[in-house]
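One structure follows; several queries about it will come next.
We call the chains A, B, C, D, E and F, going by the order they appear; numbering starts again at 1 in every chain.
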Amino acid sequence: MSLYVDKFIKMSLEEDLGLLGDITTDNLFNEMDYSEAYINFREEAVISGVEIAKRVFEILDENVKFKAFKKDGEISKKGENIIKISGKTKAILKGERLALNIMQRMSGIATNSKKYMEKIEGLSTRIADTRKTTPLFRYFEKLAVRHGGGSNHRFALYDAVMIKDNHILAAGSITDAVETIRRNISHTTKIEVEVENLEQAKEALAVKADIIMLDNIRGEKLAECVKLLKGKAIIEASGNINLSNLEEIAKKGVDVISTGAIIYSADNIDIGMDFI
Amino acid sequence: MSLYVDKFIKMSLEEDLGLLGDITTDNLFNEMDYSEAYINFREEAVISGVEIAKRVFEILDENVKFKAFKKDGEISKKGENIIKISGKTKAILKGERLALNIMQRMSGIATNSKKYMEKIEGLSTRIADTRKTTPLFRYFEKLAVRHGGGSNHRFALYDAVMIKDNHILAAGSITDAVETIRRNISHTTKIEVEVENLEQAKEALAVKADIIMLDNIRGEKLAECVKLLKGKAIIEASGNINLSNLEEIAKKGVDVISTGAIIYSADNIDIGMDFI
Amino acid sequence: MSLYVDKFIKMSLEEDLGLLGDITTDNLFNEMDYSEAYINFREEAVISGVEIAKRVFEILDENVKFKAFKKDGEISKKGENIIKISGKTKAILKGERLALNIMQRMSGIATNSKKYMEKIEGLSTRIADTRKTTPLFRYFEKLAVRHGGGSNHRFALYDAVMIKDNHILAAGSITDAVETIRRNISHTTKIEVEVENLEQAKEALAVKADIIMLDNIRGEKLAECVKLLKGKAIIEASGNINLSNLEEIAKKGVDVISTGAIIYSADNIDIGMDFI
Amino acid sequence: MSLYVDKFIKMSLEEDLGLLGDITTDNLFNEMDYSEAYINFREEAVISGVEIAKRVFEILDENVKFKAFKKDGEISKKGENIIKISGKTKAILKGERLALNIMQRMSGIATNSKKYMEKIEGLSTRIADTRKTTPLFRYFEKLAVRHGGGSNHRFALYDAVMIKDNHILAAGSITDAVETIRRNISHTTKIEVEVENLEQAKEALAVKADIIMLDNIRGEKLAECVKLLKGKAIIEASGNINLSNLEEIAKKGVDVISTGAIIYSADNIDIGMDFI
Amino acid sequence: MSLYVDKFIKMSLEEDLGLLGDITTDNLFNEMDYSEAYINFREEAVISGVEIAKRVFEILDENVKFKAFKKDGEISKKGENIIKISGKTKAILKGERLALNIMQRMSGIATNSKKYMEKIEGLSTRIADTRKTTPLFRYFEKLAVRHGGGSNHRFALYDAVMIKDNHILAAGSITDAVETIRRNISHTTKIEVEVENLEQAKEALAVKADIIMLDNIRGEKLAECVKLLKGKAIIEASGNINLSNLEEIAKKGVDVISTGAIIYSADNIDIGMDFI
Amino acid sequence: MSLYVDKFIKMSLEEDLGLLGDITTDNLFNEMDYSEAYINFREEAVISGVEIAKRVFEILDENVKFKAFKKDGEISKKGENIIKISGKTKAILKGERLALNIMQRMSGIATNSKKYMEKIEGLSTRIADTRKTTPLFRYFEKLAVRHGGGSNHRFALYDAVMIKDNHILAAGSITDAVETIRRNISHTTKIEVEVENLEQAKEALAVKADIIMLDNIRGEKLAECVKLLKGKAIIEASGNINLSNLEEIAKKGVDVISTGAIIYSADNIDIGMDFI
């Protein structure tokens, strides 16, 4: 696990423990008390967050035993024990809520991601998330999307260029925007242009945008754009795409469909901890 | 706004900007470019997060003008402009996503909170959240619950005692658990005991627990417990409570109903930024 | 030990070591040098800080052997070796001053705390500290109070409500202040009201304050207040209470006496490290 | 004020405010409420901490008006108003305890420092503190010593060399210890050697130690050492020096007397805040 | 300027000021002392770091006046005053060394970058830096490369994929490596493959690598590779490229030449501060 | 290794890994993959940074085996393997660039330092660095100077006083400047005065400056100053000193020659990692 994950977990533990700690547990248990507990999925779901939960308990008790029966990306049955934890009672009780809070959200997103992917099974289209995420929790939300079979869009404002209407206005034209930016950025960074019609798509293609995002373009117009762009730029469709229109758009031949809802519309999975 | 809010915003901006910044915007706009934009609610909702959003833009541009037409806790109409921002274009574009990510989630929770409260209108019961929150975002989620008319349960493991089954087992009895803890904590801290039946409720009352939580007790048994405890301890009901059984339980006379779903089952509100 | 303790120790070590380290020790000893040393109490005292001192040395040398012959809260004899440390010479020399600085202050407070408690032996009154503490060192000072048999008041501004004269003025009355706050805070948080006379005590009781603090009320008036409140609210006495008037006030039947002096008037205990 | 002071104040405010803030004040006052208050010295004292207190309030309210009638190092009369603060009520109430906690301790040390200096008035001896300080608060404690007329010893383990018995043992001799270290450190760093008798003092002088500390040497032996060293090295006396033997030792002609008690034996000064 | 720049500057000021500050300046000047000074280039150079230096002084004195006569990327004459600073003497003296340390290094790199670019004037080849940078200073070093007319390669390990020999070995083949990674990363991220011969270049092209880096390929072989790849992938040449062979390689038609030396072989520019 | 070194390494790893990590390596290797690699010096050099590089890999993989065949300060042959690393492939690949970036710069400085020292072999003059260093990297650069046989000047603005022309102007005279400062600083801190002629040197000596720096004084005038000061103060020469005039100045009998070029003019050493 990365340095960021550890930092995030420590800060989250501080959120829940403050300076005073778990004033219930600390006054009833001592360092010698050991317990065993299962993390149980109360519903069928795509499992996500196992590796993160492991770090939660390891940070609280470096000798904890954490045994996962299934891995991130696999499917839990309703009522299935997915993880067994053995270690200091204090550590298990202090980490319980954080570990569950992380897993219930990540598994919810992974399960949602799988639902989206099933809609387009057999097609080669990717479904990608967006930057509509919970502040500071983005890394985990985007990881969960992948556990469910989905893909990620750019992580943040710094790892890919995305030229939208405001930028185009400021630069004067799509061409000017792309050329100005290309001159200043690394050749290792992709440029995506958001377009609203075939005209703009043509201009973006002419100036060699790596990715052309068709914003809210549907039906025949979408087909025309795809025909123009296929194989020459990565074609991304976006804008009000949900489970009901997903398949129709994918079938038009776009390479990527991006939708914030894959993350923000996910329902949490009910996960509990049962002491043995 | 508190030091914590500022710290949270700076860290969230770093999540989105990294070291390199907004490589699209920074290459097209300069420090002299100014813009105006509205933050618009695409649906009716309880507004939440206005004060936080304000800090986002102030941190990015200390001279930004941020005018809110409605306050946290008030109701937006569908399509209503709630905030007008005037300032550096770069600051507005860099803060846009973070401000919206915060507001769409907070307003979703506030709106959900109101929905819960409406179910028990006229009753004196409180509806309180739990610690089932998003890591590092708890402060904002609990604030949103209040904006919607709901109440907060303890913030974390450190600001109130909550004795559950594991603790009772370890201490030997409810009485022992409460007495041991009371000896060691401040007289300014409340003790809550989670009980499963009337017997336990009696014991918790006898040992003067401040709050007695009736876990998954319903119907006649709930009525008996309420009769026993009313006016002698704060009565809290919890466990699988949702919009459909909320009213029934409240009418039994409990003081507080706690439910994690008030936060985790909230749907995000669709909010956008429109440049003028 | 908690994450906070470790963070505090690391920052304190940085205070003493800076970037350059212990320029005396680092130039004379190498990583292979090992030593043994006792931590010796030069006077009789209530021991406090052993667990913290342990972390100091563990952070500097993860293989250090730290053997405590007595525990926090026990009594040292004059000249008694309380701890034996075996480990890297560099680690022992670098941690020495910090460990002693922590223990001499904590043991001083614990010893003072015991002196206060002895004054009221046999009575059920608690003696509690206040927020008059050394910045950033509060956690340790309040822990030491408990090691000496005393109790803690609220830890900070966030874990209990304390309504004082300014607040009452602003709200209009004690009743208004309590009701306004109660509406906005968690049901898990206690409300304390500071009163100056029987009249105010009655009002605070009527509005169901959890704790009523009698500020500088003595003699007959104190007795009247206690008679009114006993068993109905927690009675706290405060204001210019010291070793000479402590017993008299406790005997009036108050539940808690709070005094900043239990911490700030404590004398450091003389503790040294002796290499073997 | 330095970056460190600001960092310290922010951390100390977090200690007292946590994430939730001042739950009493925040629920009764709003951003528009303004107040005025005096910081009043309840006893005669050497004032110390005014500049730090100023930063506390400035950090909480950038428009606060903070007027100091006397400066650090000057003498307060009993009951004298030293500072007048005008600003947001919330900021004043949140900063009150921290500002007072800092000033009561710093003024206590400054007053103690002055008491020590008065004992040797007219003599050219310096009285210096040691590293027996409160963790993380050392900067402020050493500043207070200077406000009272005393001097500082090295700040930490990194800004001067101090060779003690363990170091001498490890190196083989005073000569070896000094020469080894001198070879490895900057020519801008002083070397102090702690000696226990005339013999050692001679060796330290021969190897050109910058400062020679006479540890627990008294009477005739002290006089001999001073005679040997005067004008050739800085002569420092240390070890169990207090108010009663201070003058006698100073009169022997030592340049510096160092004593931890100047800091750790100081009594807090009683300082309060009075709203106008 | 970004949040990162401010954080970097504050940490760098702490490196130079510690807790104690500038003990020379702080003891001779007071808050009321003002000065004016020029930052003067002792040699002709490409100016770089002006905007960073500005933030150094603004952080130390928020009212400082900082007037730059030339901008980053422009050419200084030998002995030319480039910046005039007016503000608190203490702030100017404390920031002097840091500002100069930043500018002398950045201007050195910018000047070197320009030297490289002049070698290939008229050609469309880019010259890009690498990750051979000074730890924590990379952002500034890469910015300076751009000020001199050069380009940046990927910033770090996270913003572009770079498949080298070890990765190819682990994956089994270039094809497997690219396909495995492509499946797991965002469609917004480019994939670069390092190849050693025409064979490998063909395989990388077949699997649609975005960038193909020809490692240490020269002469006829280089020409063959360029012929194969031109217009189909970005062609990057790397490996022991310096000022003497730069032009020859560029003329072969590669799109990008990457070289760590553009940063690490740069000589510092002599820049001084002159008080007026 | 110190707490600072670990903090620096973690921040530098974050610079290179961000939140997303090494997206090439992480997608091709798993936790079970192990590798062995040599760190090889491509040129003869004074080795520096071995101990730091060790911490880089230990932080990434606590079970890594790191075997150094030579120590910091020893000489590498061209093409010699200096370190062998065995551990997780992911850890080795992630730490490679940082470890090499540190070692190539530190070894460059150490090698340069040795070159300076060889010029004055047999003389007792020290050669010391200055504060012309890379921000945040100073600790490592000054350590490297020592590995090459050179010495350090003061580390920062806080560990020694250095009175320059601006300070003298502000104080009125050298005498006033020294006396004012001496009164306010610890007796453990040295005072250095920069002088431009014999006159000033005399004044600095009269007021007992510990170190007198002769700024840009050469030839006969330098000889006169040395004659005056020898044995009475530490004599430091500075100002435009380089490899060509070093010996001549040293032979005049100065104690220390200080030059920023020992650090900033050093060329990086070519060091690579070869997997076995």
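The working rule: contacts are C-beta pairs under 8 Å (C-beta built on N, C-alpha and C of every residue); 3 or more make two chains touch, one makes a residue touch a chain.
Quick caveat, the model's predicted, so the values are computed rather than measured.
Quick one: which chains contact chain C and chain F both?
Joint contacts, listed by label: A, B, D, E.
Would the interface of chain A with chain F count as same or different, where same needs over half of all numbers used to appear in both copies?
different
Taking each chain's centre as the mean of its Cα atoms, which chain lies farthest from chain F?
B
Which of these, C-F, B-C or B-F, makes the same contacts as A-E in over half of the contact pairs?
B-C
With centres defined as the mean C-alpha position, give me the chain C-chain D separation in Å.
Taking the average C-alpha coordinate of chain C and of chain D, the gap between them is 23 Å.
Whole-Å distance, chain D centre to chain E centre, using C-alpha means?
45
Could you tell me the distance, in whole angstrom, between the mean C-alpha positions of chain D and chain F?
The computed centroid separation for chain D versus chain F comes out at 32 Å.
What parts of chain A, by residue number, touch at least two of the other chains?
Within chain A, residues 15, 17-21, 155, 158-160, 184-185, 189 contact more than one other chain.
Inside the complex, what are the residues of chain C that reach chain D?
Answer in residue numbers: 8, 11-12, 15-25, 27-29, 33, 35, 89, 93-94, 97-98, 100-102, 104-105, 131-138, 156-159, 161-164, 166-167, 170-171, 177, 180-181, 184-185, 189, 264-265, 267-268, 275.
Tell me, which parts of chain B touch chain F in their complex?
Against chain F, chain B makes touches at 15, 18-19.
For the complex, which residues does chain F have touching chain D?
Residues 126, 128, 146, 151-155, 158-160, 184-190, 192, 210-211, 234, 236, 255-256 of chain F touch chain D in their complex.
Going by the contact rule at the top, pick out the chain E residues touching chain B in the complex.
So the residues of chain E in touch with chain B come to 2-4, 139, 155, 159.
Which bits of chain C are touching chain F when the two form their complex?
The contact residues of chain C facing chain F are 10, 13-14, 17-21.
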